[in-house]
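One chain, chain A, appears in both complexes that follow, with chain B as partner in the first and chain C in the second.
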Partner chain A sequence: MPSDTGQRGQILVLAAAFLLLGTTMLFSLFNLSLTVRDKVRLQMAADMAVLSALNVQANGLNSVAMGNRAILAHDAISAQLNALVSQASFYRKLMDRFRRLVRLIPTFGTILSQVMSVGGKTLERLARGITGYLIPAGQALNSLLIRERGLLLATLPIQSLRAARKAVELSSSGGRIWLPTQASLLRQARSVVRSLLPLKDIEVKRLIRGTVNPRTMRRNWDMRLGKLSLPLRKRGGTTIHPSDFRAHDVLRMKVLRRFRWRWRTVLSAESRASKFGYRSHGRILDMSSEGPPLSLTLVLKSARPEPSGGIPGPLPAITAASSGEIFYHRPGRPEEHPNTLNPFWRTRLIPVSDDPMAMRVLPRPLLKEIRH
Partner chain B sequence: MNRPGIKCGGCQAGQGLVEFLVILPVILVLLASVPTLLSLSIRPLWVDELLYARLLTDVESRVFDELSRGHSDSLLPAYFSREDVQVRLSRQRNGAPGFSLHRFHPRVISTIEAEARSEAIVHPGGGKMADLPDLPAFTGKLGLLNLVGFRPAAIRDELRAVTLGGRIPSTLRAQLRMLGLEPVPLNLDVVPEQGG
Partner chain C sequence: MVCLKPITGCHPSRDRGQGVVEAIVVLPAFLILFSTLFQLFLLAMGQVYLSYAVFCAARTGAVRNADLDQMTAAAGLILRAFPGNIRSGEDRLKLEILPPAPGDEDHISDKRIHRDHLEILQVRAHWDFPLIIPLAGRMISGAVGSRKPGRHPTLSLSSTWSMPLWTNEQDPENGGERHAL
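Right after this comes the complex of A and B.
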């Protein structure tokens, strides 16, 4: 017959077993919380890396846009200055004609005629001087901008990768960008660069026409006396040639010839920008109609450090994936299509499942893991 | 005859049988499942599931809230509003690290105010963003977040800084303007045709 003392030890075995189980569960819970913390940090690092890489690209596209606008502005300034020369030449010639009439005025006629002559010539010389200095300066700045743009685009893929790595390094999550996604980042950035193609001449002309002031493109006036139209009119404007601007100003008078009223040119002036050192319209880059892949997915992997209070032993690496995209949004004009003439490129994070490239790049277990 | 307090041999045998058939197998199964439970608990897959189900501790749930918001409205505000930025007039390196774009971006947009505002956000669970321990800073560290996107009003100033029109003396600029010439021609509405 067993004694009471012999039965007491039974619970000790059970308690020890449950104590072991409880402790194990407690430690595993602790480990779990550490894993969760690491995972959250790694996810934030992945988000930072994606946005940083895309921000470099968006900044690059915005810089290209600013460069395009600067090149376009220089072309427009050249056209305007060329028109100024034509106008100055026209008014100098007009004053020369009037001088003959002014001379007939007694006493002051000669002096006034001299003033008109000197004034007209000075005006024209000034216009030619300014144009002769500013057009070559604009051309030099254009070539500088184009070279700078070339350098920017050549380094854009590697700068994107550097930015992503820097973001991961700064977030101190201990993660590394998974190599296949580094390669896909370089490919994506390179395709963004390759999608920028020079605009066709006809488009460049349209852009220049829309940028110059209206007076450059059209300088017309008619002589009127009240409601009565006099038979004298001036026509002027600028025509955009493939590598040049031609400005002209013409004064016409209606004359009776062969029993019909016809317009006859009595005064004309012309100027070409190429005579002042203008070589060609600037190369303006725009995104091709196909459009590059503007979304990007990066995967970060982190070999977890051994927790100080947890269960010792090797722990599996944690992984985080993040996707983002570059997009174009002009404030106040959401309907404007993406282009590299306006610097309104921005970045945002998107669900990984929305990035078509992610489906090809990410390993299947990770894809199963991602829930957005 | 059974006396109170004294068990019979048959009852003790039954107790041993119950222990042998029920309790011991349960204990054995539990002990055997410890490594499995342990390996499952530290698997990232579970972490994701828990993150998704929000079965986390208080602080981490707040982090998760911030993170989930981040996916719809970026944690790194790429485009600040006018109220969020200070524009300092100074030449500084911008663009990508190690690559100067100062020609294009002579101005620096500081995000100090935006950071301060972001850190002052009170989370639903209580506490502020600034109070969260050891979180990676998410703005201002890289200098890459600056100048992503322009405000339309600032474009003319930026353009003046990089074009000829901004480099000629102001008196000449004023005289050209008097003659009807725009020294910094800009028309944002002129864009290439789609697919051109």
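Right after this comes the complex of A and C.
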């Protein structure tokens, strides 16, 4: 046996220690990078979840706004069609009056009178026919829009939650929305829905008046000869009743009666939208003045999957919190009050500390951990 | 140790102290190797910490209107949690917001940004990482060629992160409301 047999393997001890230390460092570094990667991914997933949930709500509010505008447009069209009937009737009557004079014209008088008679009647019939078809169609569309809006608002909380869950599912493996924040998401979405209240009749009238063509609301003319005003004028317009439109057109002439000049109605026509199937003005929903809580905070928890090749053993759960809000911003008009008549609802992320609800919902240790 | 004489003829008294000499030669080499390994490990950990710190800074900036003070504070909080004696995350850390496009530096004035022109917030951080392991630190900094005055040699780590800026609209300074209702 050689004498150095007892010294064999002495380098092995150092090499083993070196390898052990190196391997431990490598694994802990690997573990740390995985933790950071998971934390970043979870934070991204939390952001996506908050934005998805809020986007559903913002889109819902924008849909309500679009629906409101469509309802108003249908009401305005009904008012305009009703006014068209009144005007057609007025001009038919006017042509009937003129026909008597035209008949006196030699040769062509009779033909012209016939043309005027047929033309006036056709015009009125056409106006009535179109109105009789389009007003009920508008009413049907309005009721369809209102039903669709009802369905949208009824499912808004659950749709928000589903969107948040889907976003987490797609952008994080193993991440789950913390249950208390799921409940707060449902509560927040419900309060957004509850904050939408029907507008008062007077407000609806104001909106319809603003939507309808000004010529429908007032259609007046006076007869003038140069600067000389003739004693003949036409007055017309549309009155908005609580659940109807009344259009009227009147021709007046100044006559001397009891030694005073007075306006006397010589021709009048009237039309009511209810005669063509108009039932009521559409229900417009707007946001209550108090406003709902528009901010939302979600917390994601992830029991990290064991990294492949990492140190075996239980790994700590990681959490991420994110807050966002829905806000109203009309480009070019930052001062406009939030409403559901214009579709300018959008979403954005906010610091967690800016959400008052988060301070109540989140546990203190987590609040300390949140840095943004 | 090599024995020139026939093996059987080697006298045991001549081998005395051989282990000590070997240890004197081998142990410092191993010590340097260990410390270099440990320093490299700390450096790699520092890079991972810095990446997360920059992410937190960018995330903070994204929701806090690119406020550089708050971003630096958020990154500093992460670096302060670095194990060991490597403190002072903030004073060794330098954050900068990269301009939206080359040549658009005039959009950034002091710590505020003209938000109309910036939709993506790109943050770069430089961290003068102190190489605290005595010999290994000097060796690594010497090898990299990074020598800065101070108690410990340092090595500059850097990391970049981009994130959409969420507060470029409705800024109170621009006349908008911060909160919707």
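One rule holds for everything that comes next: the second predicted complex is superposed on the first by the 337 of 372 C-alpha atoms of A that agree within 3 Å, B and C clash if a C-alpha of one lies under 4 Å from a C-alpha of the other, contacts with A are read in each partner's own complex, and residues count from 1 in each chain.
Basically, a contact is a pair of C-beta atoms (placed from the backbone, for glycine too) under 8 Å apart; a residue touches a chain by one contact, two chains touch by 3 or more.
If you're wondering where the values come from, they're calculated on a predicted model, not measured in any experiment.
Residue contacts after overlaying the shared chain place A:Ser33 against chain B and chain C alike. In the superposition on chain A, A:Val299 makes contact with neither chain B nor chain C. When the two structures are aligned on the shared chain, A:Leu14 is found in touch with chain B and with chain C.
Comparing chain B with chain C, the partner in contact with more residues of chain A is B.
Judged by the touch definition given at the top, the superposed model places A:Gly22 against chain C, while chain B stays out of reach.
When the two structures are aligned on the shared chain, A:Asn59 is found in touch with chain B, with no touch to chain C. Touch criterion met: A:Gln43 reaches chain B and chain C at once.
In the superposition on chain A, contact of A:Pro351 is made with both chain B and chain C. When the shared chain is aligned, chain B comes close enough to touch A:Leu145, but chain C does not.
When both complexes are aligned on chain A by C-alpha atoms, chain A residues 2, 14, 21, 25, 29, 32-33, 36, 39-40, 43, 329, 348-351, 371-372 touch chain B in the first and chain C in the second. Considering their complex, residues 7, 10, 12, 15, 19, 26, 30, 33-34, 37-38, 41, 44-45, 48-49, 51-52, 55-56, 59-60, 62-64, 74, 77-78, 166-167, 169-170, 174-177, 179-181 of chain C touch chain A. Contacts from chain B toward chain A in the complex involve residues 9, 12, 19, 23, 27, 30-31, 34, 37-38, 41-48, 50-52, 56-57, 60, 63-64, 67, 70-72, 74-76, 78-79, 94-99, 101, 103-105, 135-138, 141-142, 144-145, 147-152, 155, 158-159, 162-165, 167-168, 172, 179-196. The touching residues of chain A, counted against chain B in their complex, run 1-2, 10, 14, 17, 20-21, 24-25, 28-29, 31-33, 35-37, 39-41, 43-45, 47-48, 51-52, 55-56, 58-60, 62-63, 66-67, 69-70, 72-74, 76-77, 80-81, 84, 130, 134, 137-138, 141, 145, 148, 152, 155-156, 159-160, 162-163, 166-167, 170-173, 199-200, 203, 206-207, 210-213, 215-216, 286, 289, 311, 315-319, 324, 329-332, 336-337, 339, 341-351, 369-372.
Listing the residues of chain A that touch chain C in their complex gives 2-3, 7, 11, 14, 18, 21-22, 25, 29, 32-33, 36, 39-40, 43, 287, 290-291, 294, 323, 325-329, 334-335, 338, 348-351, 371-372.
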